[in-house]
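First the structure, in the form of structure tokens, and then the observations on it.
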Amino acid sequence: MTERLVQPYDTALFISRDHKRFLVRLTPGETLHTHRGTIPHDECIGGAWGRELRTHLNYPFLLLDPSTADLIQDIKRTTQIIYPKDIGYILIKLNIQPGVTVLEAGSGSGALTLALARAALPGGRVISYEVRPDMQNLARKNLDRVGLLDRVEFKLKDITQGFDETGADAVFLDVPEPSNFLGVAAAALRSGGYFGTLVPTTNQIVRLLDRIRAFPFGLIQVEELLLRGYKTVAERFRPMDRMVAHTGYLLFARKFERAIIDDEPEREGAAELAANGEETA
Amino acid sequence: MTERLVQPYDTALFISRDHKRFLVRLTPGETLHTHRGTIPHDECIGGAWGRELRTHLNYPFLLLDPSTADLIQDIKRTTQIIYPKDIGYILIKLNIQPGVTVLEAGSGSGALTLALARAALPGGRVISYEVRPDMQNLARKNLDRVGLLDRVEFKLKDITQGFDETGADAVFLDVPEPSNFLGVAAAALRSGGYFGTLVPTTNQIVRLLDRIRAFPFGLIQVEELLLRGYKTVAERFRPMDRMVAHTGYLLFARKFERAIIDDEPEREGAAELAANGEETA
Amino acid sequence: MTERLVQPYDTALFISRDHKRFLVRLTPGETLHTHRGTIPHDECIGGAWGRELRTHLNYPFLLLDPSTADLIQDIKRTTQIIYPKDIGYILIKLNIQPGVTVLEAGSGSGALTLALARAALPGGRVISYEVRPDMQNLARKNLDRVGLLDRVEFKLKDITQGFDETGADAVFLDVPEPSNFLGVAAAALRSGGYFGTLVPTTNQIVRLLDRIRAFPFGLIQVEELLLRGYKTVAERFRPMDRMVAHTGYLLFARKFERAIIDDEPEREGAAELAANGEETA
Amino acid sequence: MTERLVQPYDTALFISRDHKRFLVRLTPGETLHTHRGTIPHDECIGGAWGRELRTHLNYPFLLLDPSTADLIQDIKRTTQIIYPKDIGYILIKLNIQPGVTVLEAGSGSGALTLALARAALPGGRVISYEVRPDMQNLARKNLDRVGLLDRVEFKLKDITQGFDETGADAVFLDVPEPSNFLGVAAAALRSGGYFGTLVPTTNQIVRLLDRIRAFPFGLIQVEELLLRGYKTVAERFRPMDRMVAHTGYLLFARKFERAIIDDEPEREGAAELAANGEETA
């Protein structure tokens, strides 16, 4: 294969030896300013990724094309964002893949929006609702910074009166009280469509579970992901001392014409456990 | 939006009220045989997803288009598969998106292969190596069953002598001793490319960490995901009694021309924690 | 030191090579009947613990003096018991040590009762309330079986009207709805006394937190312990595949004359984190 | 019951409204100096625990008798201490109760020593070995501060040549490389005695598992406890944001005359799971 070299307007991640990170779009004529000196963007363009570059103060930086996880990590945020561990799982549970139509409310800082845009395009649509202009601006700016702005339809709009769309493949709610919008989500989804939400408290999950059975949802699951990091020293392999203990509880469901199957069975680990081979034709 | 109706040869998931699952490709003229009676495929084709259907014994089934997580869950396996919680995170950490070229060894039962095919296409390539003919057959069969066989290039080949390809964007190793193939992985990756592997034991991780610094890899991370399921009863909200305690340890790294930055810093929760906004230009 | 040999009426744990466990009080003239043959108690009495004995069918058994954890594990139960991981922590958080007076409701199968009796005696009192005669009988039988019956004062009594005692050092509630008995617990405790309870659901914890501030309690903590077992194979060291995901949420508090300090501060890991040395005179 | 009032030389824990903690022995004529003013010890003596006291600056403090967990939390340390969650479990797994003889190496800061002294006395012996004079001094000081110094026999001695004692009921190793002292531990234990150790890394556990079968140990278990704290707000009940991710791996074993039973069976959750009632005579 011929390796794709760094192009003008690519999004680049610079990482210094002391682990500072700088995320920029490479623009001919511009310069990166760091705590350890400057690097002209033109020095990067046309070369390979994964190279070491040096600032005018001779301090080394790595030049990387960022992963979706990198982009999320480096998002500018004013509020809590959804973390990569949760986003990866959301994408796979909501079946986000090229061609699907997915609705999101609210946009927040745009972390999930960004991941949806990368996973649903080409061929799909990502429509992101947000009621606060400042938040929408931030999300737009975050998407623009990584060249994904034109992949998302942003709407500055309260969903209390519903989404404009119907027949969506997936709806994700990241709002303060998603239990208030279950009908709105159901109305926007196609039959068989995927519903997901993330909330920090058990009280919110209890309200969701209390109300969701009044709507045409089924196969309801509530799950939580814990990410444990390990120290990377071969002779002393052990977990890191501290970890993020909680980001939120995830609730997933499918929309049905009529809900005949309430819950996922109480298999341990739920979706993780394989169905018995004999039962799968 | 106009809802897409069920088409011939779509992959369908039937779920019975007693939570049995049947995954089939809908073929005109064929019939689904269940423990509770039969359903002709033609009854499904042309209708909506998310509908309730009844067998000739009047037993209700739900007709669903399966998510990537559903497909993985229902894969026929002879060995341990990689679980959806890990697959979602792998996709996002290895930056699998439409257009990338990704190499996988071995194919195993095809669980990750399937997820890679859904995420990397259109525009990308998924090349899956396997040394055991029986395993490759199983993986092919699993991909074929869900209509994704033509999206993957299967190779029946030992990677001891290396991958045939170079310049790949990502390499994932699911082999008994990945520490033996670090050079092979590095040789196949483009500069800046993504490396990942999953191993069940700490001994394997220790050997990987012990050897990986001899190769041009950096930004090494070792992480583990725990999925905790909750009972979906509003009045008695609590975790399930049992859970899968361990699937494996994930190791991620980037290939560099020259490794100047060894490890991810020991931030707690590692990639989960956001870089400070000020440090991000 | 002179080793204490096995005495008549000692509680003994027999473990077979196939991991069956038999807990008995050794009684002169009696015989243990197992799935692999019989062992006369007199063969054990007068010898050392930790020995191998053989049944009349020549099947090997280990003769052990059981730990508190062993006794709890082998308790006959009709309901969920409190697990050793939680019991060890409860003892240390409620400051159970020789000399203290501790009240418990209900007795349940007697698992915690047994641990309290071992930790509070000599010099202390363990008073265990239970409203169901069948449960109390079971708890008495479990305590009797291990020679601890005379260490506990059992009361067949509803605590709705309160405990008979006042000035207790510690009160532990293991009842269906402990939030209904916060006043009862406070009335029975001495000033500065320790309160603890264990509940399976978040709804119960929410009701406890909602009501507890109406009573003279402070330094409130809610915690949860997860026990992860590992396979003991040196060459393949890894966690077990499955684990108990949830036993319950623990709530601890102290009784004050007047509650001026509401909560434990939101230090991560709460009681685990050491106060800064300088702050401790 | 007549409540026991505060006595001279009792160990007292003062907690300020802003959660500063001061642990002192109450001595007639002395004064507590805090960041918020002073409190004469004589104001406390003769009164009740759980009272609010005010400094000469009128700042409120709570006067509490500290639990074992409080004492451990407030220990002065120069190294990592063993945490209450682990200590509670160790006490119950090693069967520490009044009357037992337990050996510990090394003393460290005295956290476990303190808990052993509280649990094994009266009637028992706690013998604590330490090779570093500075550490032993710290442990002695920590025990003295809480009035437990005379309950422990401290020895300034390397255990390389073995413990002085034999026939001990329990041995706990908290040393850098416990796998070097398995023979020493076995020699000090009575038949049937309890062995325990805590190590931070998987490499140390692997070495322990690799070597332990050469010694007369059996019923080997490796476990890990995770403590998750929750925020105590009823309307927003959720885990704390961060937690301690790792303190150490616990290994427990029993000494046998001859080891016929290697491991605990691979029951999930190991010791947590109850044996089947029918198997328990």
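Just so it is clear, A, B, C and D label the chains in written order, and each chain counts residues from 1 on its own.
By definition in this document, a residue touches a chain if its C-beta (ideal position, glycine included) is under 8 Å from a C-beta of that chain, and two chains touch if they have at least 3 such contacts.
Quick caveat: nothing in here was measured; it's all calculated off a predicted structure.
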Go through A-B and B-D and name the pair with more C-beta contacts between its chains.
-> A-B
Does the chain A and chain D pair touch with the same residues on each side or with different residues, judged by whether over half of the numbers are shared?
-> same
Which one of C-D, A-D or A-C makes the same contacts as B-C, at least in over half of the residue pairs?
-> A-D
What whole-number Å value describes the gap between the mean CA coordinates of chain A and chain B?
-> 17
Where chain B and chain D are represented by their mean Cα positions, the distance between them in whole Å | 44
What are the residue numbers in chain D that touch two or more other chains?
-> 202-203, 206, 228-229, 235, 237, 240-245, 268
Can you name the residues of chain B that touch chain D in the complex?
-> 202-203, 206, 242, 245, 268
Okay, in this complex, where on chain B does chain C touch?
-> 200-203, 228-229, 235-246
For chain B, which residues count as touching chain A in their complex?
-> 1-4, 15-17, 19-24, 32-35, 48-52, 60, 62-70, 72-77, 81, 83-85, 87-95, 97-98, 101, 115, 118-119, 121-123, 165-168, 190-194, 202, 205-207, 209-210, 218-235, 237, 240-244, 247, 249, 254-258, 260-266, 268-275, 277, 279-281
